[in-house]
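What follows is a short report on a single structure.
Chain nomenclature is as follows: A, B, C, D, E, F, G, H, I and J, assigned in order of appearance, with residue numbering initiated at 1 for each chain independently.
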Amino acid sequence: MRLETFENPRPQRDYVIRHEAPEFTSVCPKTGQPDFGTVVIEYVADRLCVELKSLKLYLQSYRNRGIFYEAVTNQILDDLVAALRPRRIRVETHWTPRGGMRSVIIAEQAHPARRRPRSNGR
Amino acid sequence: MRLETFENPRPQRDYVIRHEAPEFTSVCPKTGQPDFGTVVIEYVADRLCVELKSLKLYLQSYRNRGIFYEAVTNQILDDLVAALRPRRIRVETHWTPRGGMRSVIIAEQAHPARRRPRSNGR
Amino acid sequence: MRLETFENPRPQRDYVIRHEAPEFTSVCPKTGQPDFGTVVIEYVADRLCVELKSLKLYLQSYRNRGIFYEAVTNQILDDLVAALRPRRIRVETHWTPRGGMRSVIIAEQAHPARRRPRSNGR
Amino acid sequence: MRLETFENPRPQRDYVIRHEAPEFTSVCPKTGQPDFGTVVIEYVADRLCVELKSLKLYLQSYRNRGIFYEAVTNQILDDLVAALRPRRIRVETHWTPRGGMRSVIIAEQAHPARRRPRSNGR
Amino acid sequence: MRLETFENPRPQRDYVIRHEAPEFTSVCPKTGQPDFGTVVIEYVADRLCVELKSLKLYLQSYRNRGIFYEAVTNQILDDLVAALRPRRIRVETHWTPRGGMRSVIIAEQAHPARRRPRSNGR
Amino acid sequence: MRLETFENPRPQRDYVIRHEAPEFTSVCPKTGQPDFGTVVIEYVADRLCVELKSLKLYLQSYRNRGIFYEAVTNQILDDLVAALRPRRIRVETHWTPRGGMRSVIIAEQAHPARRRPRSNGR
Amino acid sequence: MRLETFENPRPQRDYVIRHEAPEFTSVCPKTGQPDFGTVVIEYVADRLCVELKSLKLYLQSYRNRGIFYEAVTNQILDDLVAALRPRRIRVETHWTPRGGMRSVIIAEQAHPARRRPRSNGR
Amino acid sequence: MRLETFENPRPQRDYVIRHEAPEFTSVCPKTGQPDFGTVVIEYVADRLCVELKSLKLYLQSYRNRGIFYEAVTNQILDDLVAALRPRRIRVETHWTPRGGMRSVIIAEQAHPARRRPRSNGR
Amino acid sequence: MRLETFENPRPQRDYVIRHEAPEFTSVCPKTGQPDFGTVVIEYVADRLCVELKSLKLYLQSYRNRGIFYEAVTNQILDDLVAALRPRRIRVETHWTPRGGMRSVIIAEQAHPARRRPRSNGR
Amino acid sequence: MRLETFENPRPQRDYVIRHEAPEFTSVCPKTGQPDFGTVVIEYVADRLCVELKSLKLYLQSYRNRGIFYEAVTNQILDDLVAALRPRRIRVETHWTPRGGMRSVIIAEQAHPARRRPRSNGR
């Protein structure tokens, strides 16, 4: 499943783009039971933005894959970094309770070299 | 649609003005479907404040225009910067779900040169 | 309408006093329609605190006055600064929707010279 | 009414203890009417922690005393400082509306000399 | 009860793992009455992550033990530090009301030496 | 202040019309203090519906009148009955706290003779 | 403490009057500890309505009395019935947790003989 | 704009189908200003169910039409009755505030003749 | 564990007593894992009321017993019926999620013979 | 996927059992896109109760099946009726928004012949 991109309409400005996908589901590799959660992606684009429909299909590609919370969060982050080369990006996954426990994983990455001077940005 | 302004009643003080417009709607240029969202504008005025009725009409002018989330957010920001020349300003757009995903775009701009010394402001 | 004061019982300590008045009403000078909002006052007293009953009557004195959001917020701030000479003070006004838009105005002022050393404060 | 204490089980670590007492009541010295509020106490212990039952009885001792918002908040803070000698402590009182206004008082105090190095604390 | 661990899948990245366990119960050593609360654990792993099922069983091992709020919070923190050697970790316990009072305890610990340079992390 | 009306577009159907006005204010005749509340009007029209702008102006006409909770609620009901002759109508007033107490008044009236047979209504 | 009354302004109409007093406090006769709760009174007046200030003072008269939940609820109901002779009345008390349990008591009484025909009432 | 239908998969059972469309917008015929609201449709199908995509397009067809609250609610009801011939149906419209007032319109219609015996329904 | 009782202070009136115990815990007999839930008890007393402290201890007696949701709910109901002989009683248990599912069990019982005439009750 | 059952522990009493499964997912047969929703099952057992783990697995069996909202709701109801022969049962499905619309389907069935006399039930 391929993440498609489009040109950032204001590359000269650092601004924030956030997408929340509350309908994420994958499978626990240990028990074979489905996991359910919300994926929050927040980034500052450099030259490219992620196209929403391809992002939805990308997230759906985990539907029947067995993968742990920590791994899927870092994998989504790595794939978005590879596709977008953003100035900075954070991926959060918020999971519904398993065994009475709710889990959250938060990973982020910044590319300072791609960060623009803040003279007229934030 | 023209943004009208009035004189800032306390230009000697840095203070915050925020307007939230939860009834924003435009059209997705790709699918032709209507988009719905909330626009939040927060700024520190320099010499001019935006007149509320003209702001409402300005936002209504997007009702039947096809424009992407990222572009409309930056466009509103650029238009307000051009009309008000504020000390700083931020525009946020919060969109209702499309394809199960909620999106938020946040852009801001500051004019440090217009910023007053903080001796008696914040 | 006069703001009455009483002696700060702990002038040697920087501490925060906040009063929220959710029943504020004034009149829009342009349309003659009533405006409704909440006024939040937060300050660090120097020698004087504002007496609550006189504050209530002071805020009621706007009931039938025509005045804009930006002006009334700054006017309340100026009047409290004149009456209390506080170490710092912030006035927020949160307005109910007009034309589908909710507005918030936030103004503050500090008197660094009156600020005590923080050796035993925060 | 005496505040009792017990030995801090981890004096080598700076950690936060918070107690919220939503059932506080005292009497307004001006009108004789009862006041109701929530008292929030948050502190970093040095050698001593406050025993919960004695704290409850201490707060109940204000039930029929006439005392202003600002004074009672500072008095609770002073009494806890005297009893615990904490590294830092904050007392907040949140009051139910009187005359349509909600009030909050926040006072805090720190003893930097008692603060431990942060090599293995926060 | 032993805390089991697994290898951190991205040790080269500082990222946050949070587990909330709202079904914690222990016993008050003074009154013999059960206490109920929520335990929140948030950490940045170094080489090891805690396995969720063993964490659940570990927390259940307090079910019939008499232990104070302050002690149990620090004990959980110490046990997790011993098992995981995390880069940093925080343990919060949020307790249901006793005698009309709600309590919260927050303890944390950092191992700066294990902290990675932030060149490509947060 | 006169309540204006327009023709009910579906007099052959019993259907419900509700208007909530959260910005109602009048004056307490005993203390001279302003009262604030929400007025909820719900009715089944017969031949006439109330015009919204005239309803707003009608409610504003109480702004500086001294009148008790019970009286104002029944007065609004009587005035709407006189103007609309509805099949049934209910007026509720929900008041912000005075002396720590929140009050609600609910009055209604029905004209069974004007009620249509329910063969094709509810 | 005496409950004062005033003439019902619309005795010819059955309508509902509700007062919620969230600041009620009495004392547990067994433990001597204070109890806190909300008293909700809802009635249809016959000839008399209860005057709000005397109701407030009446409820305050329980502040230092030892009385059980069930007894205080029925006592308030009996006293209001004696003072108002209402067409119907309900008293609810909602108590904050004691020993981890929240209690609610609901008592009501109707005087069918005083109930008016419903030809033009509800 | 045409409402499309499909065969009811269980015509032998009375069951409830509800669709909530929170993104409805039309135009006020008096002021030319846009109105925003939520349309709730709840029905018991007889032989036909409404197809969701055509329902969405049907509701979008009001986007630039001038029509009053009462009229649009009854029109949607009439159009759905004509297209579906349901056993019973209710249409509610919940509108965002105009002039400080929130409005709700609720209309419904039943066809008792089409109602099945309740031997094995509720 | 014995349920203690006291005399109903108003046996001549049908009134409602409700106790909510949000800190209930028992053990799943199949998995050995702890279950957590809220028990709601609502009854109309005949001659006897349940004493709160003994009710708390009675509910705590399930802490380490293996018992299914359906059985524990009916058992609590049977034990309260045996101890109180109430006019009517309902027991609800609301359980935290297990395997992603939340469960609720509601059982009730009435003794019509013990029900008083409603001449002056509800 | 087979629904397993166990003996009702109190067949002589009509009582309510409710299970809410907020993690339901199936596939839209028209678009191939995943649907997400909550399934609520509420029934009065006759001789049999549904075993929770088998219910969870049964619901998971829809994960990759294409089926419409109306059909899946009625299918779950039919399967539970076949397995449990309950006295009465209701199945609700609450779906997350698609095309901006939220849908709910509610189906129920009763077997009056299996309903017990209410002499000692509600």
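What we mean here is this: contacts are C-beta pairs under 8 Å (C-beta built on N, C-alpha and C of every residue); 3 or more make two chains touch, one makes a residue touch a chain.
Everything quoted here is computed from the prediction, not taken from an experiment.
Colleague: Matching residue numbers in more than half of the contact pairs is the bar here; say which of E-G, A-I or G-I clears it relative to D-E.
Modeller: It is G-I that reproduces the contact pattern of D-E.
Colleague: Which pair wins on C-beta contacts, E-G or G-I?
Modeller: Pair with the higher count of C-beta contacts: G-I.
Colleague: List the centre-to-centre spacing of chain A and chain J in whole Å, with centres computed as mean CA coordinates.
Modeller: Distance between chain centres: 35 Å.
Colleague: Per the centroid of Cα atoms for each chain, what is the distance between chain B and chain G, given in Å?
Modeller: About 51 Å, centre to centre.
Colleague: Can you tell me which residues of chain F touch two or more of the remaining chains?
Modeller: 22-23, 36, 96, 99-100
Colleague: Could you list, by residue number, the parts of chain A that touch chain B in their complex?
Modeller: Against chain B, the touching part of chain A is residues 8-10, 13, 15-23, 49, 52-53, 55-56, 119-122.
Colleague: Which of the residues in chain F come into contact with chain G in the complex?
Modeller: 68, 70-71, 73-74, 98-112
Colleague: How about chain I: which of its residues touch chain A in the complex?
Modeller: Contact set of chain I toward chain A: 33, 36, 96-97, 99-100.
Colleague: So in the complex, the part of chain J that touches chain A is made up of which residues?
Modeller: Listed in rising order, the residues of chain J that touch chain A are 22-23, 25, 33-34, 36, 60, 63-64, 96.
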